[in-house]
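Common to both upcoming complexes is chain A, partnered first by chain B, then by chain C.
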Partner chain A sequence: MTRITIGPFNRVEGDLEVRLDVESGRVQRAEVTAPLYRGFEQILEGRPPLDALVLAPRICGICSVSQSVAAAAALRHAMGTEAAPNGLLATNIAHAAENAADHLTHFYIFFMPDFAREAYASQDWYQETRERFAATRGSAARDALPARARLLETMGIIAGKWPHSLAFQPGGATRAIELGERVRLLSIVTSFRTFLERTVFADTLENMLSLSTADELDRWRAGRSGDFAHFLRLADSLALSELGKGPGVLMSYGAYQGADCGLFPRGIVGPDMVVEPLPLSQISEDVSHAWMRDCSSDPAHSNTVPDPDKAGAYSWCKAPRLSGQPVEVGAIARQTVAGQALIADLVAPSGTNVRNRVIARLIETARIALAMEQWTRALRLSEPFCAPSQEMPDGAYVGLVEAARGSLGHWVAVRGGKIERYQIIAPTTWNFSPRDSLGVAGPLEQALVGTDVGEAGARSVAVQHVVRSFDPCMVCTAH
Partner chain B sequence: MSQSNGMTNLLWLQGASCGGCTMSILESGSSGWFDELRQFGINLLWHPSVSEETGEEAAEVLNSVREGRVPLDLLLLEGSVARGPNDSGRFNMLAGTGRSIYHWMLDLAPRADYVVAVGSCAAYGGVPAAGANPTDAVGLQFEGADAGGALGAGFRSRLGLPVINVAGCAPHPGWMMETILALTSKDLSATDLDTYGRPKFVANHLAHHGCSRNEFYEFKASAETMSERGCLMEHLGCKATQAVGDCNQRSWNGGGSCTKGGYACIACTSPGFEDAQNFLETAKLAGIPVGLPTDMPKAWFVALAALSKSATPRRVRLNATADHVVVPPGRTTAKRTP
Partner chain C sequence: MGTATETFYSVIRRQGITRRSFHKFCSLTATSLGLGPLAASRIANALETKPRVPVIWMHGLECTCCSESFIRSAHPLVKDAVLSMISLDYDDTIMAAAGHQAEAILEETRAKHKGQYILAVEGNPPLNEGGMFCIDGGKPFVEKLKMMAEDAMAIIAWGACASWGCVQAAKPNPTQATPIDKVITNKPIIKVPGCPPIAEVMTGVVTFITTFGKLPELDRQGRPKMFYSQRIHDKCYRRPHFDAGQFVEEWDDEAARKGYCLYKMGCKGPTTYNACSTVRWNGGVSFPIQSGHGCIGCSEDGFWDKGSFYDRLTNIKQFGIEKNADQIGMAAAGAVGAAVAAHAAVTAVKRLASKREDAGHNS
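Coming up: the complex of A and B.
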């Protein structure tokens, strides 16, 4: 048995170290470490509750809207008030823009460059892939970065700026949109659709979303140009559907807000593919292998206090569990729980894996591009965008949203007009959790077991595909 | 890959950061940031979010700089330097290297022609240094408004400059890129920095300058709750008259700014901004905002405010507390009501 340490693990958001025990060229055991702790939960304690709207988004520069929306949802719950419907629509549009930008950033900047590495020089697709996807030098970045910047102009209109906006409030959003601005928003959404249809899919979004089986996807991609079809060819060539299998249970808190309860539903789904209600009270956090002091396992009652010298610990990340089990979150979980036909047909036989995670992200991007257009048209321009704030009585409150990378929850306890406790469980906290007190490994730790690293050891590109297929956000993980 | 071929070597590291400064600069350049760097002859030696080199390959890049085998023109740090626990830096280890970012910066900074703190965290400590500062986070050369920080007040980079602080949370992509390019062409000298190490081309402006709510400010016609159109200074915590930045003179994300977005400036370019409380509520003493414009005597402000309030046009007064324009500009025949 050889133990190898991989780090710095870059082209993820934030800091990550992975340790692998390897025997006969295969990973036997993995330990995943979040090596950065900043202490946001400690920083928030004792402050006025609304200050969370300034501080909590700054956990993450890549999903600050998600953190904002989670904080605003928790505080809205604390106020016992309802947001202005326009405010929720504007929030949805901005949140969708951020999530779509994240999916693009992941695909083009973080994930695809691994296929342009020297390790694949003997493949017949190598030259084409290198020209298109090489990190910082490939032609894809010249297409994707301007498209991303244009999409983020949504933020200039709705949120003032990105990242780190204060526009998302318990009562809605701080800026009433006028007719000219709605037209500008539609223009941005149309540009985004054009980028997706020309560059990513080489087909219309409607055609993409009409594909409902793995066979249809195979027929669709034959001879097709576009970066998605290119990825599907690589996925076949490298058998990415057999790489990085997840733990089996998928969870979604439900995504986007509205009178009709949002775009993607809340729920959990197991290997039997039956969607069931989410037992919220069964969420717990274990710190047996985290550099954290023991406290309540219920996020509504726990604190976050570092214990840097704790024996047996190897990460600043806690280990969240649902009914005692690790679960996988992310676009693949959202789309499976939502019953998206193609994703369900891919997940049913092969579960979650490197290929399916990437496909789910891109199919979700097509879905939210269409939703952004509908939400923009649904704004009632003469009506309010923000309901006034209310007093916050003592109590424990929760805000649950879906960030690009999966389920994000903020648990806040208010006492005497101050934050008594603030607990955050971020998507990558779920996916990159360390072991729990029973020794059960987290989802990535499980997904890495069995990976063939061959002679490459720490340089194994397969390990990089598995890790980056989760699109980890390490700055969110330990906060 | 080095100065010998005329390229400028730029190394970008992330400390206790949120990655937001990187996300912001990825919006720079009409054909993308990578293309923009190439156009100006800048070689991105390594950047944790975007570079191909990973694991031991990346560690080799860092070691080659530390050991002086590769010359370093620009060293950029995003995120604060977490010195804790007990000065070990263990709250922020650079994965795979067994060393903390704190200690990496102590090694690398003296090797660089210029050292740039990207964002308010790297400049002054920023949000990780808020409250009880659980990780002993500081900026590279400041701890809040006090000189010092991780590298010490006396630190000078190889070409004799202190750390250049591109403050902001996150900074505008233009602030970062213009600083990089001014250093690349050796156009930025110590006299181009203000007392907090910020480039004067940003710091010589206030966020207030060019604010689209300026007419409301002139007449002290104030918004009272979120989403109203009036001036945000009197009730909603706006610090734009005290915070440096050309935020309202250039567009963010194609046309926005915080005050255009409907919420207060929280002075994110200022050292220690993170320690304020009740960000969106104006602190007042006897009904008068505590934080008045930096260079204005209080008595004058109070007198002028009273005078301008008495002269507020009806249009401005009514629009200030509405979220839509309720009275458009134009000649009115209606009698002015006081």
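Coming up: the complex of A and C.
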């Protein structure tokens, strides 16, 4: 048995370290470490509740809108008020833009460059992949970064700036969209659609989304250009559907808000593929292997107190569990819970894995682009965008949203007009969780077991694929 | 990565950027630096003839918003600045190398370009518990920072984290997050505050240093004067409403739709030095005040611990504001305190340039 340590990981958001026990070239056991902690939950205590709208987004510069929206949702519940429908639509558009941008960043900047590594020099697709996807030098980044920057102009219009936008409030959004701005928004969404249809899919979004089985996807990609089809060829050639299997239970809090615009539903789904309601009260956090002091496992009643010398701990990340079990979150969970036909057909036989996670992200991106068009048209420009703020009575409240990487929850307790406690469970906290008190490993730790690292050891590219297939956001993880 | 004698221009030409596009970039940069049209040809000339300066971009305790801002810069050439123009030898977020290989790049750059590279730092070192709150490659980040700073020509402190500490240093500052200049005291440090800084400000600073071989003129707090010498309030498009006493009282009320001033909603524009109201964000589209929300003063030291973000500033009088705000201005802007440091950087860059010419083409 050899123990190898991989870190610092490059091309992930934040810091990450992975330790692997390897025997006969295969991973027997994995430990995932989040080596960075800032203390947002401690810092938020005692402040005016609305200050969470400014502080919480600064947990992450890549998914700050998700953090904003979760904080706003928690405070809205605290106020016991309804948001203005226009405000929720505007928030959805901005949130969708951020999530789509994250999916593009993951695919083009973080994930694909690993296929341009020398380890694959003997593959017949190597040369083409290298020219297109090599880190910092490939042509793909030159296409994707401007498309992404243009998409994020949406944020400018709706929220003034991004990252760390301020416009998202419990009552809706501070900015009333005007007619000319709606036209600009539509033009941005249209150009994003064009990028997806020309560069990513080489087909219309409608055609893409009409594919409902793995066989149809295989027929569709035969001879097709575009980066998605290129990925599918790589995935086949490297059997990526057999790499990085998840723990089996998938969870979604439900994505995008509003009575008539909740796009993806809330629920959980197991290996039997039956979608069931989410038992929210069964969410807990275990700190047995985190550098944290023991306290309540219920996020509504717990505090975060660092304990850097704790014996047996190996991460700043806590271990969230649903009914005592680790669960996987992310686009693949959202789309499976939402019953997206193609994703369900891929997940049913092979579960979650490196290939399916990437496909789910791109399919979701297509769905989001279409939804952004509809939301922009649905804005009623003369009606309010923000409902007035209300007093916040003492009590415990929760705001649940889906960030690009999965389920994000803010649990806030208010007392005497101040924040008494604030607890955050982020998507990568779920996916990159350490072991719990029963010794059960987190989803990535489980997904790494069995990975063939061969002679490459710490340089194993397979390990890189597995880790990146979750699109980790480490600064959110331990916050 | 890259060759020692390559110029910026040869790299971007190789990437298929047209000469016309290159000159447009030079003019835009000259304008954003406030240097006027003649400077554009100086920038072009420098980029065509000078070797690329190696840049190491390190991440401490932070959220990556500075990197995010940087790669979204409006002009398409700017992303090439990120990806190749400034010879970004090491960057956690985008580089190809991982693990030990990545660590080796740091050692190599340090040895090969001793005293010649720019160390760009996003985030800061937390000093509590021996640096345990930010472990990078098995070591506390503060050690890596000190090691790389030792042989750097100059340091750019990106954003509010590196410049001041930012929200992670808010009370009770559990990790003892500490600004760069409290840890590195023997190198020229240019602070580019903001949470994050504006992309065009960041690329402007990098282009200035690499073009002219010196740090831009800094104010007493170490910020480039060209971007941080005016208050948001000075150039705010809602300023006439402030002067007329017309204020928003509630998000999206009638007054908000008329574009009245956000001062009563807690806007910190009158005490914040930054370029948001002139350069704006996300491709010049907008800035926070334009989204109907007040400025939170994210480029100012200590903005996180000055009462609620939604409290109105109590020390600003609605009329006669100038007297009061000028006092703040005196304290904030001040005279150039970094002339010596800037001179040191010039010398180092000159050394770098001549050495590289001697070295010849080595790749």
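Assorted remarks:
In this text, the second predicted complex is superposed on the first by the 478 of 479 C-alpha atoms of A that agree within 3 Å, B and C clash if a C-alpha of one lies under 4 Å from a C-alpha of the other, contacts with A are read in each partner's own complex, and residues count from 1 in each chain.
By our rule, a residue touches a chain if its C-beta (ideal position, glycine included) is under 8 Å from a C-beta of that chain, and two chains touch if they have at least 3 such contacts.
None of these values were measured; they are calculated from a predicted model.
Superposition of the two structures on chain A shows chain C clashing with chain B.
Of the two partner chains, neither chain B nor chain C is touched by A:C295.
Using the contact criterion defined above for the overlaid structures, shared-chain residue A:L16 touches chain B, although it does not reach chain C. In the superposition on chain A, A:V440 makes contact with neither chain B nor chain C. By the touch criterion defined above, A:A176 reaches both chain B and chain C. Counting contacts as defined above, chain A residues 5-11, 13-15, 17, 35-40, 42-43, 47-48, 50-51, 53-55, 58-62, 64, 109, 113, 116-117, 134-137, 141-142, 145-146, 148-150, 152-153, 155-167, 169, 171-176, 306, 308, 316, 384-386, 388-389, 458-459, 464, 475 meet chain B in one complex and chain C in the other. Within the complex, the chain A residues that touch chain B are 5-11, 13-17, 33, 35-40, 42-48, 50-51, 53-55, 58-62, 64, 105, 109-110, 113, 116-117, 134-137, 141-142, 144-146, 148-150, 152-167, 169, 171-176, 178, 306, 308, 316, 381-382, 384-386, 388-389, 458-459, 464, 475. Within the complex, the chain B residues that touch chain A are 14, 16-24, 26-27, 29-35, 44, 48-59, 82, 85, 90-97, 127-128, 130-132, 134-135, 137, 169-170, 225-227, 251-264, 266, 268, 274, 277-280, 323-324.
Chain C contributes residues 15, 59, 61-69, 71-74, 76, 79-80, 83-84, 88, 92-103, 126, 129, 132-138, 166-168, 170-175, 177, 195-196, 250-252, 256-257, 276, 280-283, 285-294, 296, 298, 304, 308-310 to its touches with chain A in the complex. Listed in rising order, the residues of chain A touching chain C in the complex are 5-11, 13-15, 17, 35-40, 42-43, 47-48, 50-51, 53-55, 58-62, 64, 84, 87, 109, 113, 116-117, 134-137, 141-142, 145-146, 148-150, 152-153, 155-167, 169, 171-176, 291, 306, 308, 316, 384-386, 388-389, 458-459, 464, 475.
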